[in-house]
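Down below is the structure, laid out as structure tokens.
Chain naming follows the written order as A, B, C and D, and within any one chain the residues start at number 1.
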Amino acid sequence: MIFIMKPGASDTEIQHVVERIEKKGLSPHVSKGTERTIIGARGDEQKLAELPLAAIPGVERVIPVLKPYRLASREVAPSGTAVSVGGVKIGAGHFMMCAGPCTVESLPVLAETARLVRAAGAQALRGGAFKPRTSPYAFQGLGEDGLKFLREVGDAEGLPVVTEVRDLRHVELVARYADCLQVGARNMQNFDLLLELGRVRKPVLLKRGLSATIKELLMSAEYILAEGNHEVILCERGIRTFETATRGTLDISAVAVLKAESHLPVMVDPSHAAGRADLVESLTLAAVAAGADGIIVEVHPCPEEAVCDGEQALLPAKFTEMMKKVKAIRKVVA
Amino acid sequence: MIFIMKPGASDTEIQHVVERIEKKGLSPHVSKGTERTIIGARGDEQKLAELPLAAIPGVERVIPVLKPYRLASREVAPSGTAVSVGGVKIGAGHFMMCAGPCTVESLPVLAETARLVRAAGAQALRGGAFKPRTSPYAFQGLGEDGLKFLREVGDAEGLPVVTEVRDLRHVELVARYADCLQVGARNMQNFDLLLELGRVRKPVLLKRGLSATIKELLMSAEYILAEGNHEVILCERGIRTFETATRGTLDISAVAVLKAESHLPVMVDPSHAAGRADLVESLTLAAVAAGADGIIVEVHPCPEEAVCDGEQALLPAKFTEMMKKVKAIRKVVA
Amino acid sequence: MIFIMKPGASDTEIQHVVERIEKKGLSPHVSKGTERTIIGARGDEQKLAELPLAAIPGVERVIPVLKPYRLASREVAPSGTAVSVGGVKIGAGHFMMCAGPCTVESLPVLAETARLVRAAGAQALRGGAFKPRTSPYAFQGLGEDGLKFLREVGDAEGLPVVTEVRDLRHVELVARYADCLQVGARNMQNFDLLLELGRVRKPVLLKRGLSATIKELLMSAEYILAEGNHEVILCERGIRTFETATRGTLDISAVAVLKAESHLPVMVDPSHAAGRADLVESLTLAAVAAGADGIIVEVHPCPEEAVCDGEQALLPAKFTEMMKKVKAIRKVVA
Amino acid sequence: MIFIMKPGASDTEIQHVVERIEKKGLSPHVSKGTERTIIGARGDEQKLAELPLAAIPGVERVIPVLKPYRLASREVAPSGTAVSVGGVKIGAGHFMMCAGPCTVESLPVLAETARLVRAAGAQALRGGAFKPRTSPYAFQGLGEDGLKFLREVGDAEGLPVVTEVRDLRHVELVARYADCLQVGARNMQNFDLLLELGRVRKPVLLKRGLSATIKELLMSAEYILAEGNHEVILCERGIRTFETATRGTLDISAVAVLKAESHLPVMVDPSHAAGRADLVESLTLAAVAAGADGIIVEVHPCPEEAVCDGEQALLPAKFTEMMKKVKAIRKVVA
């Protein structure tokens, strides 16, 4: 921790900082510059973290030297970690394509979609049973029926199943049916949900919040990891900016930044980022080229009949065509 | 609902839109312009809402005519609604100042703070017992003990108590002790928590999410209202932007926009918006001048010893001084 | 300047940084912590500024200790600077209300507006002769005729005149007619225009860019100041965020931050921030309460006939009513 | 143009809108719905554009049906336009890699860089002679000497030259030496500079502003096109968001959106978006996969000695390695 004092900081104020550092068991180191005094604190920085150090009189800024995440940090596994989603590996060189409808609507539609995406090369099936909707009047998902359909279709096609858990009281229920539990963007900092997921023995797909920084995404992963679940997959899905041509702005830089900062696998969700089907191929290929370990994308046999988010769903034929390019680009970058 | 068709939309595509509108019980109205065809849908727009209408072939854009919120809308109570927080009214001409520490740390510190803010004119006491913290390693609050201290001190000083509920399983517990349940910014779209709060008979202070639009804040209020709890207070607390001089950017325009759009009382939290004590007075006075119905602000007798967010806490003496100006400005705008 | 080295930085890398610091005439100071090595550079930090120090092998981060602006800094004039706009002072305790139409349209409309705002208490007249328009097909202003009308009306009413200069070749021309030259938000980092304005002997009203940080606004002021013009007025006019209910998001915190960082007067433009006349009073009063030294606001006798930005123009009667509240709040905070 | 009236709009207000539409030569069409009246205006929408229609009493919203840009629009050249940069084509299937130092520092460094990037496959040379710098105290470029070095080295290597013009008085000067004139992000809405560039017979590389929408970028291109210069290349270079891990957030979706909306070639600048050399390859490959027509990237033989932006410059060896992947991905998507 480095303390930069205000220009006119008094000796008493400097001494006070020195004492606070010593009281916490670190060793202070005062350096008087031409215009400012700087105080370094050597030792276990974590003991000072979360204290309101900038509130100490005479202090202008406090700069942490270390990263606030540990278990999520790249140093833990420099060559990366592979997470197994129902037997399909993602990360550390393994790539996973996950596709399916936004929402589970009925068994036949789901079965047809699964069959088609599997034929095109998808290795996992997505679909929502519990939907977080902005409006209380909107369809909120089929609930446990949706989970059953997912399991049945996933088993039939040999595809592991990824689905969202919205309510922390449903973690066990969802974990019974699904191979991977997804945390939606709006729940990225629902810390109690993260704690529950830390106690489950299923992989968690953690989506970045709409205005979450990369650091905050890693801190949310840290919640799950610290609670004992080591199978976390990070997912970039678009952040909120002033641009209105797209639903979100896919932060493609986040792929490389996350892979540099963390050992965890990184997925990209081009469907929610774009909110428009016509952009999905472009974003998917970009994500693969950028080094993403996986893609989670929405596919629907009849988008205009979809109960939710049909605007961003690919037709199966389009998905099939895109998969060929995905594989070709994957060969270049892997 | 207005459908703007693509430049080259075919008659078949236009006819298809007409049929979809009719199937939902609305009456379509086709208007062929020089360059585009526009189709209006008269009738109950809600029946079309949430459908992926932009996914219909030939459709370029779909524009809703009505607002998606109803119970939160100004039309419900054009002269505004007053909510009673333990007997203290806010809204419809009533102003409430709520002050206290970020986190409940101990009974003596809380008691001292409450005594001082009450003497200065505060009408409610704030304090966190369950804290949403970005880091799993940070102090998460005293839990039920914190609630007990709040109740005890609130009763002693005659101040109603406002505190956050973080976990939806704690709603009943918190409601037993508190006069008003706060939803933190990170939980604004934790829809299951909102549903639980809709079933409680205590007012809810709903904070705007860090990247939530004003419309989304109102939709989250709608979740609580639609579930049967009509006592919702909206709170602007700073949104996330590129500016780094402050923790968030206080969206002062939101005060007037919310009051124009909704009948619900509007509070402002200058402490979290600024993240720096030296800006709190300026933001508080601005919020009062802008027409806010209440302020929720952090005060601590010794900010640098605060266990959380001390950087943004006012000293009691500063709070007292600020209250005089608050009252004077209130007289100008009320 | 503080250099934080990467975890595994070698002695050679550390030595290399030490040498680069010494070569620039500063004295390096190496501090080896438990996990990182930190190197402080004592001396004239400006000699290191603008160098790509983070590109030096082994360096993780470089943290400047000093602010990059000097002449704009508060330290230059701790009690603040008053700028005189054609005899009307702003800053250091002086408040200035500047009002008028967005664009100068005709002499009679301008004269009527000026008469009405002056009667209500405005001390300066605004109006655009050279308009920066997003579309090449939109009206771009009356040019020199507009300047003449402004001068004529300003003289008749005894109001100094504030108007925008868009093209750096027009600086002299505009300076001949106007009492204060305005730099529009889109030109805040048009550095050649700033340099020209630095050579003029008229005050400059510098608007913050749509996505400019407070620091960048001050750096742009520094361009003008460093060139020799010491009369700069800063203006917050709304920044760009994801919120669409308003044209921009008025960063009300910027008022207090700018006043803490700089000695220059700070104005607020509520009209462009809101983009809607119904919010202008709320934002104006907020800005005055926040401590702004002046307001620049759009007033038009018939907004729907305005050639530009009529949506955000106040009617004269509304302006008159608002001025009473402005004066009352000013008394509270001054 | 579609007018949505307020809920209680009176017949007089509706009639007033009807008359204003008719006065402009369009034909109004009134549709009274259950809750709102909607008025369509058929005819040449451009006649209504830029009028403050939302200021008309009783009007809630005004929705344009057409896009505000025409010459930049895809409809002008559905199969895309190729622009020739000194003989090298970009757009309509042609890809161009442009590389070089941020700033021209000296003839030998520029010559070495040019030789190396050419050997690796670059088809154009970039380098700044006039630098827009945030600080007035920073190095502002070599000026005309820089232009001479660029021309000399470009001719020697057979590489066309791309360089920025910052001051509109330098347009002719820069056009004498360069094959393509670049408009920096901060000048995207320097409309007078755009007008000057519209009169030049050299291609213009127009960078998107830090907070410019895609629509605004196209409107700025329209300024150049409308003035008579049809050779405009659009460039995405990162927008400003709350994320601080990168200098900007590369809006990768903009590539596909721009190509859908416009016939003009689209480049991506990964160096300025990232601000960090370690991310440049990932972003470059993503941009190529997303369908960009060209890349403009910074390369320097010794980044830590660069006078500007060395943090984001690639080493020539790294560039050479990256070029192989660029070519391979280009084959997949072209």
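Here, a residue touches a chain if its C-beta (ideal position, glycine included) is under 8 Å from a C-beta of that chain, and two chains touch if they have at least 3 such contacts.
These figures come from a predicted structure and were not determined experimentally.
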Greatest separation from chain A - chain, by CA centre: C
Same-residue or different-residue interface between chain A and chain B, half as cut-off: same
Between chain A and chain D, centroid-to-centroid distance (C-alpha), Å: 31
Centroid spacing, where centroids are CA-atom means, of chain C and chain D in whole angstrom: 26
Rounded Å distance, chain A centre to chain C centre (Cα mean): 38
Sequence positions of chain A contacting 2 or more other chains: 211, 239-242, 244
In the complex, chain C residues that touch chain B: 211, 213-215, 239, 241-246, 249-257, 260, 273-274, 278-279, 282-283, 285-291, 325, 328-329, 332-333
Of all residues in chain D, those that touch chain C in their complex: 46, 49-57, 68, 132-139, 166-169, 186-187, 189-192, 209-211, 216, 219, 222-223, 226-227, 239-240, 277, 303-304, 306, 308-311, 313
Touch list for chain A against partner chain C, complex: 2, 4, 7, 29, 31, 33-36, 38, 40, 42-44, 63, 65-66, 75, 240-242, 244
